[in-house]
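Below, each structure is written out as structure tokens.
Next come two complexes, and both contain chain A; in the first it sits with chain B, in the second with chain C.
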Partner chain A sequence: MATAGKSVGGRSDTAAPAAIELRGISKAFGPVQANRNIDLRVPKGTIHGIIGENGAGKSTLMSILYGFYKPDAGEILVDGRPITIADSQTAIRAGIGMVFQHFKLVRNFTVLENVILGAEDGAMLRPSLSKARGVLKQLAAEYQLNVDPDATIDSLSVGHQQRVEILKALYRQADILILDEPTGVLTPAEADHLFRILEGLRDEGKTIILITHKLREIMEITDSVSVMRRGEMVASVRTAETSPEELAELMVGRKVLLNVDKQPARPQAPVLEMRNLSMVDDEGVERLRGVNLDIRAGEILGLAGVSGNGQTQLLEILGGYPPKNAKVGGEVRMNGQPLPLSGSRCNAGQRRRDGIGHIPEDRQVEGLIMDFAAWENVAFGWQDAPEFNKGWLMDNAAIRSDAAEKMERFDVRPRDPNLAARNFSGGNQQKIVVAREIERNPDLLLIGQPTRGVDIGAIEFIHKRIVELRDAGKAILLVSVELDEILSLSDRVAVMFDGRIMGERLPDQTTTGELGLLMAGVTDMSAPATAGIPPEDQHPEERA
Partner chain B sequence: MNIKDSFIAIIVLAICLVWALADGTAAQQGIGSALRLMTPLLLACLAGLYSERAGVFDIGLEGKMLMAAFTSASVAFLTGSAWLGLAAGIAGALVLSLVHGLASITFKGNQLISGVAINFLASGLTVLVGQNAFGLGGRTPSLTGAGRFNPITLPFADTLRDVPVLGPIYSGLISGHTILVYVAFALVPLTWWVLFRTRFGLRLRAVGENPASVDTSGVSVTRLRYAAVAICGVLTGIAGAYLATALSAGFVKEMTAGRGFIALAALIFAKWRPWQALFATFLFGLLEAIANLYPDLDLGFVTVPSMFMNALPYILTVVILAGFVGRAVPPRAGGEPYVKER
Partner chain C sequence: MDKMPKWADVILTPLISLVLAMGISALVILAIGESPWVALTTMVEGALGSSYGWGFTLYYATNFIFTGLAVAVAYHASLFNIGGEGQAAMGGLGVALVLLNIPLPHWALALPVAMVGAALFGAAWAFIPAILQAKRGSHIVITTIMFNFIAAALLNYVLVNKLRPVGSMDPASARFPESTNLPALTDLFASIGIEWGRNTPANITFFLALAACLLVWVLIWRTRLGFEIRALGKSEPGAVYAGINPVRITVIAMLISGGLAGLMAINNVMGESERLVLNAVEGAGFIGIAVALMGRNHPLGILLAALLFGFLYQGGGELALWTTIPRELIVVIQALVILLTGALDNMVRVPLERLFLSRRRTGGAKG
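After this line comes the complex of A and B, so read on.
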């Protein structure tokens, strides 16, 4: 391959036999070439990272390995033998296990039931269940993979659910374990524990392929790393011989600034004041417990936290659509005026008129209508605006040209307003949402996970626009699970845990370590807070 | 099973007990009738349970039963054999099940629309073919003798008849039904066992909750769902055959009379569980039997008109479907065709 700068050992390296070898794998979806002539060699007993932007083809490649897709061309060798992986069953039999980013667990089944599903011995369940119980006990002891075998998945923390996925693979006697973005949903402590498990597995001779977009993880745990860009494998290097800067450059093909270039903030009067904001959902669970936060004009307030600790509910309430049957208490003032938190005046349209823009967390569900054209999506929320209407009728020509302008300014590609939202890449979908919200010049912009599933080029662009809006004297609430993003973008950082604000820090006076502890509910560095901490954090092995 | 789960059973058994204490003979007659009337509901309810537990919603139970009633009555009349009629009923319902499977599994279509289409198809086709073949305005000729399933007397029913308490219950209630009634009741523990004790049941439940987990475990989602839809076809086939060749003596236009939908309501009432399905359908059977037994129920101060009594099962259906019986959480992947995600 012309673009492959370096390679691990090369094929002449016979000392470590390859657990997996790919030769010339290609796969196209219609006109899109997802994988082009991929070569990859992963030696036995190593942790190999695969890094690349979204849409670089990492997941497609791994799906081919797990039998989800058939490659158009190329060869797969497992332990030196060429095999055809027609379906997941073949992959499992070849010793390949996969831990998906979104867990494939049956939520109301027990751990045991999930583990044996598809790998039962015989038509009756009982023997399989008792066998699995024994195997799980053994695996738990061997790899620190403790999970209660009789707990239902619903009752487990995300970290434990992930362990179940790993156990599933090990129960099927996987020798090669593929993990797709495994740390996205974990707290720093859980991620550390996962890495220790992976190291243990490697030491037992298992081969691990780790797909991630987090450079820090690659540097921390992998033995070697391959970089993908636009469907091609651009480099394979030993981790010890590379640097995060080099990898980032390989990923995007040019130098990127991982730090956002911005002037110090000049915050003014508070735009939004939350006083004792609380929320109880329809199942009686307290999602917000007395949140007090001010967001001032001309500053970006970053709200850090592991997802599921109330950030979503906070955004939904501020955005004007609190969850159904939720009881909201406390007070929120916008520019000094109380904001309705329930009733008919609490709706997203009114919020927009009150000067609140919102880039929601899940652009595909809340931000866009995927089957509608880009120009329609750009108008959403403002379809009643006078410039978009002619008497009773909508002025589609005006909306279209307005959309085309915004797409131009935000560099949305392809620049075709008639294309349905779902046909844009994740980054470009997000740019459509960002364009719609920022161009309306809101006094307060709510942003949830602005760069989730967005490539580095678009991240840079979106970050720049957010900073510009701040410099124009607007208030910005940034909710993100990416600590790096929070730290590089925010002027002030608040950490949320279990519906509470655990503390506020200035980004240049804190560390990811300190924030990580706050995100895990630890207020005092020396002693763990006990109240309201999910069971995950009470397990002794977490603190070892 | 805790108290909350068995509240339907408690209600139903309480009604039976009160009735038996108030008027033993009438209760024996009424409950016996209820058992016969609930049988098609129970079969259809279990049919829906298999299908919906596997993630394929089926509002075409009604149409399948109707088709099965027609094919079974026709074949039973032509051959003079109720058993051949039963086979034809199962075949008729299976064909419609296959249509539903093709639409909702293979072609990933909308399951509700497919179900509605099946109901219309069955409703029109049975009358059209029936009129063409027999010329009786959509009816089939009356079945007699071996063309029907006849009541069977269980062993010792006669000897035990005079034993107090046990006699009336065993000889009067339990004995004396057609074989299909016993089949339906035996299917309840069998279904429970299949669902919760076998590999097939585990996979079936999993595919209705999260097909992706089944798929990534290397098991075919398509095959499992077709199996479930086929079981649903067999059971609705038996239900239809029962209606036409055991409960009545031939096919009459629209003879299912909404039983498929009542069975769906019972399924929701039972929260997709077999034992609860038994009692939920029993409740509907009981209501229907009471309406038959007391056309004008005189409560002393007011006389309930027969129209109201006949409407009771349907009223209960509406109440259940409107969600007045607590939250019923359907299988999570229900109604969704499975598409592999990237």
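After this line comes the complex of A and C, so read on.
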């Protein structure tokens, strides 16, 4: 609490009993102090947000609550009684339920089987299953948690899978529900539905802890919010008494520009033209269905959509590496020349020579080799470049000095080219990728999720560089699941759903609501029925 | 960062493992009623105490360097090539076919030609598992193991039915022409007037092995191919993103790996037995796995580990010869070394890392 200049949340309503209280929790991993003397008090029957940048220590704190880590110091009180949470079983018995960012479901089991998994009553399954069926029915009625108990997880949409996770926790009689970045994979409408469920749970007296990095969600749903920065709890405030700007400043420790500062675009001739681009993957599923898009020089085209609707495949095809055994149809032209979509000329190296840069969606799996040093990663993908080679050998000295320069210009910290990529924070890893691709000055830059897992300070920096590249007259395709990012950065927004482009909008002439409906596959805005019902409930199984 | 210093990682950890393995071996020797001290001195004396011992130790080490490098190159592409045994055997066949069929007047001429034969046959034997892995996803561990057996059967057939000289009862090829015999290290020393290691098999292939270490180091850490091999080994999606063709790199890495394993035949077939005999590889292909593991897939580490295993091999032989300790115990000692340096590496590493961290933290607090 030492650093908090703010009033400490919950103090004002000390009268309400705390569902969970942390006192002086500290946890270190080696020399890294992940949590330092954390105090937190969450009153019963409230929704409490925990917000902070990546690496601020949110996940560590929650892992301590769920018994994955043992704190070095401090105590945990549940319902006023101090307890030691040795493992997740203890946490469950104490009434703590966790909904992870990456669902922990058995994909080929039914909903019912997943719910009882680990909570079976005896050796035989049947009694547990029929008991669970009853409980599920009751929960569904109580909290709008409708899921077909006999559907397998595979056949459910992401939003429904998340409900199964919540049901699992409730079935284990959780009174305190912790949700880790729950909306990352949801459409805005699905997220709204989730929030209604959470409100329902709160009104029934459950306590909810919501971990997120989205300020909008905090403002929308929480009663109080705690801000973490560098392992410390820097403030706890009532949501009604704060603002997004104040929270952002608390998270980063300095003033932050939430909106991207940019001039209107001056688009020129199209650089990339896609005509009727289609793709069927090796399982026969159509991932892209007749995509027509133009990207002009000097503009940023934002491609919005819930992840898994074909954006990844589109980036891979344009990047020169369509998924194995996929059938790609249609035509793509780059500066008027057709791009090969299959065969040996369709590879990422050739695409780079054709002037296409690519910041891939998953920097840890694709964009970087995590065990390679930073300087090696600066040559990654460009290992053929003449300036990196000297006869038979790679010119390591040249690569190193190039890396040092790029790290300097992009303010990568620590500025140590010999450090392995995995030892950089998410934001600095991304800066290495962005530096490598942008500094090549590509005619077309493909960008996937540029700021996923990146702290706010680095987001600001990366956005600025992307806009600079646009102003230099380059074409940019921006794929992001963050609607806010798409809206603030793009000059034009296209929405993708189920492999189709649902429509194009200008960012200043649309709303999150309209885009959200497009993202859920609803084009007929005039139909009154769609207004109130979450679109995912109309097309629940289509996206499987 | 949050790691211990590199020297502790590379030198101290295997050293502690080694000491532990020796400690446990000592207990085993005590348990069968022999003296560990006598065993140790016999081994050291027998393997390192005379130029005769060194002559054998270096010969074995040469074999292990080649098979160890073979495992390491594949490993960097994340391929576990445990077919070194078969590839080295086929390399021997390559050497024999070259030397028996092409008249070569001098060893200096025969050496490069035989090397081509050895590497080609070894590489060819690795090619089929490689292409099966790259194109069909057949797991390389399974296929290379199976190819070891196929190689053994094939060699048996060829030696008995094709290469065995008429009238010979021995399943072995004819002797290679005298002119192609490689100079032993003994001869080399003799030429500068030093008497060294008479009647030992160590030959100039040892220098080839040293050169191979250097070349593999250059390949892995200094060439674009090495960069691409390592990138593929760490992340296939990453490699694809970077424009690296996984099929191509998988096959090339395995060809190099098989070629290196095949080159071992220069040492044992051309350099030592001077004809192709049955089971010429004598398990060196498998020892190569342990050598690569212990050497952390780095050529320098492999060189050191190969010397250690050469010592264990030669010292073990001496132990069986001069003491009542049964030969099988040598296998126990070797197994313990492999177990502790390879499989149980983390048993030593993790506590050691903790130790360094806690030392650093207290040191940092003081500073």
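Assume the second predicted complex is superposed on the first by the 519 of 544 C-alpha atoms of A that agree within 3 Å, B and C clash if a C-alpha of one lies under 4 Å from a C-alpha of the other, contacts with A are read in each partner's own complex, and residues count from 1 in each chain.
In the analysis below, contacts are C-beta pairs under 8 Å (C-beta built on N, C-alpha and C of every residue); 3 or more make two chains touch, one makes a residue touch a chain.
The structure displayed is predicted, hence computed values, not measured ones.
Student: Looking at the overlay on chain A, is there a clash between chain B and chain C, or do the two fit?
Tutor: Pair status: fit.
Student: Per the contact definition in the header, classify A:Ala123: touching chain B only (first), chain C only (second), both, or neither.
Tutor: first
Student: What is the value, to the nearest 10 degrees, of the angle subtended at the Cα centroid of chain A by the Cα centroids of chain B and chain C?
Tutor: 40
Student: One more residue to check, A:Gln89. First (chain B), second (chain C), both or neither?
Tutor: It touches chain B, and chain C stays clear.
Student: Check the residue A:Glu241 against both partner chains and state whether it touches chain B (first), chain C (second), both, or neither.
Tutor: neither
Student: Of the two partner chains, chain B (first) and chain C (second), which one does A:Asp150 touch, if any: first, second, both, or neither?
Tutor: So A:Asp150 meets neither chain B nor chain C here.
Student: Going by the contact rule set out at the top, does A:Glu387 touch chain B (first), chain C (second), both, or neither?
Tutor: Neither partner.
Student: On the overlay, how many Å separate the closest CA atoms of chain B and chain C?
Tutor: Between chain B and chain C, the minimum C-alpha distance equals 6 Å.
Student: If I apply the document's touch criterion, which positions on chain A are contacted by chain B in one structure and by chain C in the other?
Tutor: None.
Student: Over in the complex, which chain A residues touch chain C? Could you list them?
Tutor: 29-32, 319-321, 347-352, 358, 360, 362, 365-372, 376, 379-381, 383-384, 389, 392-394, 396, 419, 423
Student: Once bound in the complex, which stretches of chain B touch chain A?
Tutor: Per the touch definition, chain B meets chain A at residues 196-203, 205-206, 209-210, 212-219, 332, 340, 342.
Student: Would you tell me which residues of chain C are touching chain A in their complex?
Tutor: 1-2, 218, 222-224, 227-228, 230-231, 234-235, 237-238, 240-245, 357, 360-361, 364
Student: Please output the residues of chain A touching chain B within their complex, sorted ascending.
Tutor: 59-60, 63, 66, 68, 87-92, 98, 100, 104-109, 113-114, 116-120, 122-126, 128, 168
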